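Here chain A shows up in two complexes: once beside chain B, once beside chain C.
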Partner chain A sequence: MPNLPPEQDKVQVSVEGRELSSLMVTREVSRDFFAITPAYRRVLLILGVVFLAGIIAIILRFVDGFGVSERAQWGYYSAMFAFLLITAGSAPLVAVAFRLTKNHWRRPFSRISELYAVVGLLSLLWFLPLMALLPPIEGRKTLWVSSNFVGAPLWWDLFAVMFLVICGLGLLVLSAIPDAALLARTGDGGVRSRVLGAVAGFWRGTDAQWRWHRLGLTALGAFYFMLLIMVQTLINVDFVMSLVPGWKDSIMPAHQALAGLQTALGCVLVGAFILRATGRYRDLIPMESFWAISKILLALSLLWGYFWFAGLITFWYGRTPVEQNVLRTFMFESYRVPFLLNFFLSFLVPFVLLMWNPVRKSVIGPTIAGASVIVGAFFMTVRLYVPAFGIEDITSHGLATVPLPIVPDVLDVFIILGGLAGAGLIYMLAIKIIPIMSIWEIKEGLLYQRVRPLLRSRYLVLGKPD
Partner chain B sequence: MTTQSVLALYTNADYAAEAGEALDNAGFAKEDYDFLTDTPYPEGAFGERHSSHRLYVFPFVGALIGLTTAILLTAGTQISYPLVTGGKPILSIPPMAIITYEGTMLGAILFTIIGIIFESRLPSAKKRIYDDRITEGYIGVVVDCEEDQVNTVEQILTQAGAHEVRREEA
Partner chain C sequence: MHEGKVLAYKRINRDLLSGLFENQLRYWAIVMFLGLVVLVAVVAAGFMVNRGVGVTGLNRPVFWGFFITNFVFWIGISHAGVMLSAILRLSKAEWRRPATRAAEVLTIFSLMTAVLMPFIHTGRPWRLMYWVFPYDFQRGIWPDIRSPLVWDPSAVNTYLISSILFVFIALIPDLAVIRDRSSGIRRIAYSVLSLGWRGTPRQWKLQAIAGILLSALILPVFVSVHSIVSWDFGMAVSVSSWHSTIFAPYFVIGAVHSGVSGVVTVMILMRWLFRWEEYVRKEHIDALARLLIVIAIAWFYFFAMEFIFGIYGQEGDELATRTLQIFGEPWGWWFLTFIITAFFFPVPLWLFRNVRRSFLLMTITTISVNIGMWLERFLIIVPGLARKQIFTQSWHTYAPSPIEIAIVVGTFALVLMLFLLFAKVFPLIPIFDIKEGQVLKDEIKIGRRKVPAVIREE
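After this line comes the complex of A and B, so read on.
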């Protein structure tokens, strides 16, 4: 093996990409991390202003009325919470799942996905007012059997969301320790370097440290996955199904959890695309990564269609008055427009796009499909949570009539925009505390990937150490 | 006699592994030296180094504590206020399962975090020898030895192809 200095020891890990070295990765990420550009400040300012407008809209909504009897006008607020949970709550799973399965293509996506854990803080705050809006469980069918259960359902819902956020942040911090130590040592000596040094200065990258780092990530990742599915199920049952008299559906909570997995991929794809589009990390996020993740997105989109059909068919053939009214409310009458948008954007658009290999084998194709499923998931939360919050008599035996749709007013629009801007703002702030590229994982990828010639062409050869 | 830390930098992982072998052959224990890298190398890449850890014990203990607490909480409150609702048993498993699951997860997560802190021996105020070039891809081999062994160690590390060798009081 040639004894080259690290700056000259370059490897090509993408057929169309340029050669990379460990030093290049360090320098590129470090330079971007410490730079606070005018464009970055402008984005922060815009997001901050829109977020502030959203907070003002929430305050005005409070003034309008806040309580169980006024919950109908908080439907879009609850939908926004569900959307944050489905998207940002699920996004860290991309890093967890593909790290567990030891994919190499996931390396550029890992930190993009883990960083969504910080949005969990906003989800947690967003959830607090909902605790006062959920009606008591006396006299209606719920998962909890009786109100005798201590803390049921609100406190256990809160704890579930809180534990998910704690686990996600733990995962993010643990994953970022080696990079934080690296940036502290290669940084500009400013405040951020010193803070990172204080937090991660103990890290030297010994055998033992890498071992507990890997084991910790595995354990916390597994717990995150186990928690996420439970939280999605619990929130869906308590904030949607149990508010609709007579709605008994075992597929709906699983459908929301699946939508979360699907949008997790969408969030990561859109994040990675924006990074590339702004001219950064083009060599660190190769097209091959988009291509690989698009296949998973295609499979999950097909699964979305299957779950929807499986849920529909039971009610369609059952045809009891309650089942007919549930279908009319959530799909075919009151909320037909959000349903159709949900169906097209979560299923048809990604399916039709990603069934073509030339589309999958690109950067823009999977990104469009990813953006589509994110918007589709938003309309899914609208068509589920808004009508559920709008039903007045929740203690009757069944849904006797089809409720009229609740059209968003100006405050609802600002609440939604504020929620989205708040999520973006937190994420943007976080990327200047924790680097958006997982430096140690990308460097690890340099050990196991090589582009090598075979006959008349060149191919990526992968090493699988365990 | 003071203990010294000797750090050698290698531009090539092969040479670092050879340095480890040479230290083994010279009679140094595995615990006396370590490899510093900016990315995780596969286990055994620098020679087999078996070291025990107890990280897996922590989540299991935490999960057990969380599960027990949650069962006691749910069963205790139900038995203390036995109200039959909708013909369901006093100790209804589905709602209990939610709380016991949450309790188990919380215990496991908290104990995993405690386990990571414990296994990493944090907090550690002591500043250990390091070279920033390791962040650029150099491999560090650090040896803790007695003062009278420093010259031997430096010679071994240099012969293995070290780019640079330096020492510091441990």
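After this line comes the complex of A and C, so read on.
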């Protein structure tokens, strides 16, 4: 993007915001990127300690028992993996989807969402023990048609998760190249500047480079979108549905994928809110962006309720013994509490909050709804993965009895907290390698947005390039 | 630069009201032809009522055939109205403007046609009254309100009423424009319909609020209608391939796929018939085609999920039905035609900008989608029934009779004819919406280039 002199390119991109220039954007992001404050160090320390506690809990869990026959006690561990996949795996879609639809409000959110791809590394590591916990597919229903399918399901699942992580990281790196080149030039000349220079030194910002950059982001983004939906489907069927004898639920993978999209918005909203709350980038993340994304979150929350109801009512009317037992297990008896929490937090809370325009048109309202769907998604993974891992006879014809609930013990609590802290730790480390604001996208936004008068008021004018 | 010219309001009024005040020979020729096809269908339906449903191809165990397929298809087409109008209105997509009215009107007429199909399907339509007012109290035959077949009429009628209201609210400012250009009895009629519209700020505000509220309220109705239609099938455990949890969203997204395609076809027809080149432009068709790519991919995902989980259970009767669907005679060919015309032919073509901006190719591809989507509904309904229940002992195939074909073809002519007759009385492109679009147009200068821009509505 061309850098005009600061006095020429100062524009207002929010009706209530102040004027910005590309130079101001570069300075603000660069200053924050290179600064390592005591507060940042303290957060790293806290997250590191909790993560370490989680690792110790996992080791103790290993000592307790590890294998197919002990998988019931690994239910919460598997739920944590699913939660990481659902949240961090889906989060980059916010950048991908709204870049494809050319929404200007997405610009401050893009990098916040793409950076979640680094949490994929933790998901991948978290997945490895699960490979030893999943029983063979002989004698049970499976997506893989036959138990003779080479490598099915474990190796294909591993490849799928690994490929998703690599693809997400590729997307992040590709998107960050122009910013890396810029920061290498404007930086403090330290190690990070030199590394960024080595990585993005080839970038000159020529027309051809920008064209390839845009094409790459579009192609990789679209691919990531489809890959994520496929991976979510595979994992949810192999690690949940096919462990429950007789359960055949075609909407469940789609519902999980939808929950992922919903949670992706939640992750971005919470991330953006924290940035603003810590006093940074207030002008770069205007309220209008929260307002716009909240409408999508409302729509996805309504869809969440719809998908859930579509699944429920079909089973409710089917009334076969397996369907009744599945409903009683996952919703109404054994795991009633996580189900209710899931229902309230993923559907009712965001719906009731976001149906009101004054709530949507604020920073705090969409953030609360976003936080709510993240917690709701966690309970969704708990109510699905924990009971599925707890079922003993997985090769019987149908789910004959409702299994008793598995209550988390101290180790489970530490594993969950450790997983969350690990995700936070990796993210926090990553923001000092790649800037959390997409400088080139925000600068591009300055070119395409203006606040202009119309009649007696002032409105935002949005450029619609081809 | 914006693709369309900035037009004077007088010209907009003149162009968009040309259908009402001018008589074109080709318009009447098309209406007459469509009327003839409808007449043939009416005669066929009359013959069937006189002779009984024995003249159709329906027989044990396939009691749902062309008529019910057609019912589901027209319900699907009706989803375009709300999809385009309400969702795009709420999301403030600028390119919606020339498409909304046509989509809404298509909703109304396709819904009305859909409602006709179950009546015709019964063979003795008047007997439906016995269902509402049970004739035999001693035997205790009452409608089962827990049946999705009871939810159907409620949902469809609610949708029909709310769609009519939706169209009417959006029509009011345009009705006032027609009123001001009419005389005699016509003026009186439009005066009554326009409810005293003067275009005061308060009236505009109320109209805008009503539009937004209706858009938001109609969306759940829109989703519920096709969901309930899907549950007519999905709740039946006894028919293999029907009892699937994904049916509701699968039907809804399929409906949107065929509905939006139908709107594109109709918009191109309008452009040709009324010479609205300045109003239905390449950019609009391009935007709709992009939307269709997303919808089609989402539809394909749901289709794949429905199909994969059909065979996931490895149950004998389900596998047999799927085999019949894909490889059975003659449905194997129908299945191939369906999947190619609904997805593999149009979607790859839409990826090319030149195709998206070609009126001819867009007409062909969108008609192709609807051929595919009609077949999809047929392939869901009939093969499942042909193998219904293991104890039926009479598996039988189904072939439509000429009577059924005539009636189904007649419904297509009916919808198109009603649509064109509507254009004789009301403008098919919202005049006020087009004018508003012009007010909100702007440009942003970047270097030496001017980029089209739009003032964001609050």
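What we mean here is this: the second predicted complex is superposed on the first by the 460 of 466 C-alpha atoms of A that agree within 3 Å, B and C clash if a C-alpha of one lies under 4 Å from a C-alpha of the other, contacts with A are read in each partner's own complex, and residues count from 1 in each chain.
Rule of thumb we're sticking to: a residue touches a chain if its C-beta (ideal position, glycine included) is under 8 Å from a C-beta of that chain, and two chains touch if they have at least 3 such contacts.
Please read all numbers here as calculations on a predicted model, not as lab measurements.
By the touch criterion defined above, A:R214 reaches chain B but does not reach chain C.
Applying the stated contact rule after C-alpha superposition, one finds that A:F307 touches chain C and leaves chain B untouched. In the superposition on chain A, A:Y317 makes contact with chain C only, not with chain B. Of the two partner chains placed around the shared chain by superposition, chain B is the only one that A:L234 touches, whereas chain C remains out of contact. In the superposition on chain A, contact of A:L447 is made with both chain B and chain C. If you count the residues of chain A touched by chain B and by chain C, you find the higher number for B.
Using the contact criterion defined above for the overlaid structures, shared-chain residue A:C167 touches chain B, although it does not reach chain C. When the shared chain is aligned, chain B comes close enough to touch A:F202, but chain C does not. Legend: residue contacts after superposition of the two complexes on their common chain; A:T37 is shown touching neither chain B nor chain C.
When the two structures are aligned on the shared chain, A:I251 is found in touch with chain C, with no touch to chain B.
Residues common to the contacts of chain A with chain B and with chain C across the two structures: 2, 143, 145, 447, 465. The residues of chain A lying in touch with chain C in their complex are 2, 141-143, 145, 229, 233, 237, 248-254, 295, 306-307, 310-311, 313-315, 317-320, 447-450, 452, 454, 459-465. Within the complex formed with chain A, the residues of chain B that make contact are 11-12, 14-15, 34-43, 46, 49, 51, 53, 55-56, 59, 73-74, 77-78, 81, 83, 85-86, 88, 92, 94-95, 98-99, 101-102, 105-106, 108-109, 112-113, 115-116, 119-120, 122-124, 127-128, 130, 132-138, 140, 161, 163. Of all residues in chain C, only 90-91, 94, 223, 227, 231, 234-235, 237, 243-249, 301-302, 305-306, 308-314, 442, 444, 446-447, 451-456, 458 touch chain A in the complex they form. Listed in rising order, the residues of chain A touching chain B in the complex are 1-7, 9, 21-23, 26, 143-146, 148-150, 152, 156, 159-160, 163, 166-167, 170, 174, 178, 182, 185-186, 201-202, 204-216, 219-220, 223, 226-227, 230, 234, 439-441, 443-444, 446-447, 465-466.
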